[in-house]
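The following pair of complexes shares a single chain, subunit A, combined with subunit B in the former and subunit C in the latter.
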Partner chain A sequence: MSVADTLRYHWNVNLLGRAALRWRRWQTELLAKTGSGWRSEILTPPLRISAWTKELVGRHYLQGNFAHLHDKVAWVTSGAPIEFLRALDFYVLYPENHGAICGAARVVVEIASEAENAGYSRDICSYARTDLGTLISGKTPVGKLPKPDLLLACTNICQTVLHWYRVLAHHFEVPLILIDTPFIYTQVSDHALTFVKQQLEEAIPMAEKVAGKSLDQRKLKQITRLSQMATYLWLELLERCKHRPTPISVFDQFTQMAPIVEMRGDAVTVDLYSAMLKEVNDRIAQGIGVVPNEKKRLLWDNLPIWYRMRYLAEFLGRHGIVITASTYTNAWGELADLINPEQPLVSASRTLIHTLLNRGAGDKLATMRRMIDEYNLDGVILHSDRSCKPYSIGQIDQRDRLIREYGVPALLLEADHNDPRSFSEEQVANRLDAFIEMLGV
Partner chain B sequence: MSGIKALGIDVGSTTVKIVGVDTEGKMCWHILEQAEPRVEDQVERFLDHTRQVVGTLDRIPLVATGYGRGLVEQATRSVTEITCHAKGVYREFGHGGTLVDIGGQDSKVIGISPEGKVLDFVMNDKCAAGTGRFLENTASRLKVPLDRMGDEALSVVEEVPISSTCTVFAESEVISLIAHGVPVASILRGLHRSLIKRTVAMIRTVGIVPPLMLSGGVVLNPAICRLLEEETGEKVVLPRYPQLMGAHGAALFALEILNDGSQVS
Partner chain C sequence: MEVISVIPRRLDVINKYKEQGGYVAAVLPIHYPRALLRAFNVLPVEVWGPPRVDTSHGATHLQPYICSIVHNTLSFLQMGGLDITDVIIIPHACDSLQGLGSVLLDFVPPDKPIVPIYLPRGRRESDIVFLTREFYAIYQRLEAITGRAPSDADLMKSIRREEGADEVLIKLHQSHSCLPLTDIAFYRLIRSREYLPAETFIELAQAVLAKDIKKPRDGIPILLSGIVPEPMSLLEAISEMGAMVVADDLACCGRRLYPPGRSGDPLRRMAERIIYAPPDPTRGNPIRERREHLLRLIENSGAKGVVFYDVKFCEPELFDLPTLRCELQKAKVPSVTVEVDINDPLSHQTLTRIEAFLEILNERR
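After this line comes the complex of A and B, so read on.
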């Protein structure tokens, strides 16, 4: 990268872009202060700090727009170990997170259709179709996506990524690192942990070669430490929802989770979540809940329905119902204790293999039961996500056992996290109405 | 008729029903018609008819249920058909159990507690398989009147398996079977079996807590009850007016509003 490229990068990202994003943040904060920017009689306005989260996510994608001038780029799956990539100064892009942005911006049908027209089946995950659609057409709400120099896929979230990232590797003609994580049915074996760690050890030289530099172990430890701090803060934030009334709902958690996914290991992520925790503490001190007159508290299982979050929040909020916790947002915090900054690779192997979707269905049921008790919840909504088979498999049995063995009402809601064509509003509304009546609200 | 104290209207996808109850909650009057495209007009006509019977609707609360419940502007409140069916059936039998409602375009299984509360439910409303539409579609192809389908199916012992669960593909399969000279009654029996197997899968999701109770227009077809008993090994019980259980339940909620303004429970 030339000096001119570096100058162009800093001019666009750190001067113009940063100023524009900061200006937008100030405007949002001003609107939040005056209370004029929020149009819902049912829900409490989002956290004031949301403006900062938006700024950070905006900056992340802005950096992506100009990354070719400044950084090597790695595309990674959501369950992948990114600390060593960040220590090698890669710009890290999560296609799944980009998919979620497309989902929330309601442009998935247009983008995914490009992939479907190219022959990709509608039965493939809608994140994958969104990513492949962007690849084919260049359509994206974030300007553009930087081309990868390296791909890193980890099988701890699903098997789709194996095929998806092979397509990417073929398309971009770049190296693909694959980390295979043996599934944990009951308990993890030492052999499985060693297997994952050895793959990481083999991956590092490959990444070093692409980065054109050697891995600085001190930097890796520092980034792992920041990752752990952010993960602990995220967990603490979620645990604040044990309070009644719930200070932030699961829908707030969904919109605030982008940094713990794609900016884990950055110092600013730690700052953001520290400040967020303060604001949430203020809410608790003032007795502010997400919905006025909170009557029932629910657990959400599976990914969000990105294009219908406000609709669902208001639908439930109208009846004094708040979704307090979710197995999904919890998955980004529950492994904080397994991170050890002094042994980054051992720690990465442990967290990779213990990811929620890499553990048996019984383990998820146990997690749900624990959360129901700890968060004092009255029922469960299990989003049967057409796109995410690993998350959805077992839900019928989990629902059955929650009802029969635990006496907790549970509803299976069929939809898709990103594709609105799999969301039938009338049917969803009817099920929710009946479930609400069943809860006795 | 002056006995009507409260009204329930069930605006379903295939039929619209209105039921009037007396002070005891006993069904004392009803109308049932095929659903028309302009639901609002049909509801208004129903209410005009009701006015002719009761004089004024001023002090008679109306609760709406069914898919079109949101279109009934005149309703005091609306309650889902799940809760209303459970209420209506509980009133009829006085005990809990497992209710199977097979309607024109959806089907549902509801677990009801001994006290009449909804414990659990599953619905099939995204696919016509397992609903009345499945039989209706093929009945026209076989040129058998709907009300004769069940008797025809039960008139034979032999049945041909219909492997397609999809309504549209089942129709193609039926055409093929006719072309191969398979007797119509055997095809009909196979079609009923297919529908019932689909329904049983839903029942197993909720879990059978006896007795098995049936409601919905489709259960007027005798083959449905017979085959359901065969497939589940359980005796099934039918209310006197299977099509009116949702509207009756809605009317009972309306009566609660009239009596003490209590909430839906």
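After this line comes the complex of A and C, so read on.
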């Protein structure tokens, strides 16, 4: 990268871009202070700190727009180990996260149709279709996505990502690092752990070659430490929801989780979540809940329905119901204890293989039961996500057992996390109405 | 041809094997170490669905967007279809089979052991080492189930027998268009490897190979790609339309032409055989390898076009399709895609689609 490129990068990202994003943040904060930007009689306004989260996410994608001038770029799956890539100064992009942004911005149908017209079936994951649609058409709400120099796929969330990344590798003609994490049906085996660690060791020289530099172990430890701090803070934030009334709902958690996914290992993420924790503590101290008169508290299972979050929050909020916790947001915090900054690779192999989606359906049920107890929950909504088979298979039995053996009302809600064409508002409303009745509200 | 009419029936084979003191394993798709099972006197009998079962049983545990192979397997199991077997082997081919294994282990446990196998998705040394150790773990499970502990020599003997069966299987595929067999008869024979002991299969196959007429059959030559040619009447329909399948890239057939292993260590040799098998998306092979493999098959067999015959909701197949078709187009090889639910009879729409495709191929001849 030439000096001119570096200057152009800093001019656009660190001067112009940063100033514009900061300006937008101040405006949003001002609106939040006066309370004039929020139009819901049912829900408490979002955390004031959301403006900062938005600024950070905006900055991340802005960096992506100019990344080719400054950094090597890696596209990674959401469960992948990114600490070594960050230590090698890669700009890291999460196509799944980009998919979620498209979902929340309600542009998925337009973008995914591009992929479908090119022959991709509507039966494959809608994140993948969104990403491939952007690849084909260039359409995205974030300006543009930087071309990858390296791809990293970890199968600890699904095999789908590997099929998807094989397509990307073919399209971009760049190396693909695979971290394959044998699924844990009952208990993890030693040879599976060794296998994951070996692959991490093999991945480093591949990434070094693309980065054109060697991995600095001290930097890797430092980044791993920051990752762990952010993960602990995230978990602490979620655990604040054990309070009654719930200070932030699962919908707030969904919108605040982008940094723990795509900026893990950055010092600013630690600062953000520390500040967020303070604001949540203030809410608790003042007795502020998400809904004014909290009557019932629920657990959410599976990915969010990105394009209908406000609708669902208000629908339930109208009845004094708040979704307090979710297995999905919890998955980004529950393994904090397994991270060991002094042994980054050994601990990475443990955390990678133990992610929620890499564990059996019975284990997920046990996680739900534990959360129901700890968060004092009254029911469960299991989002049966047409796009996400690994998360959804097992939900029918999980629901049945929650009802039968645990006496907890549970609802299976058919939809898709990103594709609104699989969301029937009428059907969802009917199912929710019946469920609310069952909850005795 | 009369050889085909003497292919033993699945149930007879199972009963006979059990009468002789053997065990029977129900094995779900796709890749698994046959030789390891046989060394324990366990006969693998594969379960690809099967088609046409009452799926209402599976539907009480699985969502409708899960593929019909997985739905049918669970239904078949719940209806008692696998009662005769002693153990269920579940190779990890995809998220859906992973989910089925997990549901069975945690929520609907059958009255027999379930042995999942994780198959690594690469061809690196670490993949071979992992799979070797995974097979050792399976060895220990089988030891506990059968009370046997085959030696390395026993394992090698079993491997050689399976390698022999696979060698004739490869020969059958290579001579496909010159054999005096209709497509449906050919695939009945090939698919009998899903349940016949290797030695019985070798005998049958060699009898057919002896009748190699060295003169290609007549018809529009096509390549069939996908998971499984169900319903099998598809093959009759293709013949009636004046075409013939001269090569395949089917998960249950052509993607399991395992090469002989190299290692002197039996478990590692079994791992090598699976890892170096023809490219398969469920084992994570790159699309480039699949493209090269398809083009090689087309060139060697003289196929004029490719029919992608895929099971609905099968992500491993669906992801590669657009790129593969585009690459084939660049090589001037036409292709068509058809999606099926293995429970449905061949639809008029499917047949029309294939017929229209064959007409195009015919015009280009």
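Definition applied: the second predicted complex is superposed on the first by the 441 of 441 C-alpha atoms of A that agree within 3 Å, B and C clash if a C-alpha of one lies under 4 Å from a C-alpha of the other, contacts with A are read in each partner's own complex, and residues count from 1 in each chain.
Just so it is clear, a residue touches a chain if its C-beta (ideal position, glycine included) is under 8 Å from a C-beta of that chain, and two chains touch if they have at least 3 such contacts.
Worth saying up front: this structure is predicted, and the values here are computed from it rather than measured.
K.L.:
In the superposed model, which partner reaches more residues of subunit A, subunit B or subunit C?
P.N.:
Between subunit B and subunit C, the winner on subunit A residue contacts is C.
K.L.:
Taking the superposition on A as described, I'd like to know which of subunit B and subunit C A:Leu352 touches: first, second, both or neither.
P.N.:
neither
K.L.:
Just subunit B (first), just subunit C (second), both, or neither: which does A:Ser424 touch?
P.N.:
first
K.L.:
One more residue to check, A:Ala434. First (subunit B), second (subunit C), both or neither?
P.N.:
A:Ala434 sits against subunit B, while subunit C stays out of touch.
K.L.:
Touch test for A:Arg401: subunit B only (first), subunit C only (second), both, or neither?
P.N.:
A:Arg401 sits against subunit C, while subunit B stays out of touch.
K.L.:
Counting contacts the way the document defines them, which residues of subunit A are shared by the two interfaces, the one with subunit B and the one with subunit C?
P.N.:
396, 414
K.L.:
Which of the residues in subunit C come into contact with subunit A in the complex?
P.N.:
For subunit C paired with subunit A, touching residues are 60-63, 65-66, 92, 94-96, 98-103, 105-108, 116, 118, 120-122, 124, 126-127, 129-130, 133-134, 136-137, 281-282, 284, 286-288, 312-313, 315-316, 318-323, 325-326, 339.
K.L.:
List the residues on subunit A that touch subunit C in their complex, please.
P.N.:
Going through subunit A, the ones touching subunit C are 118-121, 123-125, 128, 155, 158-160, 162-164, 166-167, 169-171, 176, 178, 180, 182-183, 185-186, 189, 191-192, 194-195, 198-199, 202, 360-363, 365, 384, 386, 389-390, 392-397, 401, 414.
K.L.:
Show which residues of subunit A lie in contact with subunit B when the two form their complex.
P.N.:
396, 400, 403-404, 409, 412, 414, 424, 426-427, 430-431, 433-434, 437-438, 440
K.L.:
Note which residues of subunit B are touching subunit A in the complex, please.
P.N.:
67, 79-83, 117-123, 125-126, 205, 207, 264-265
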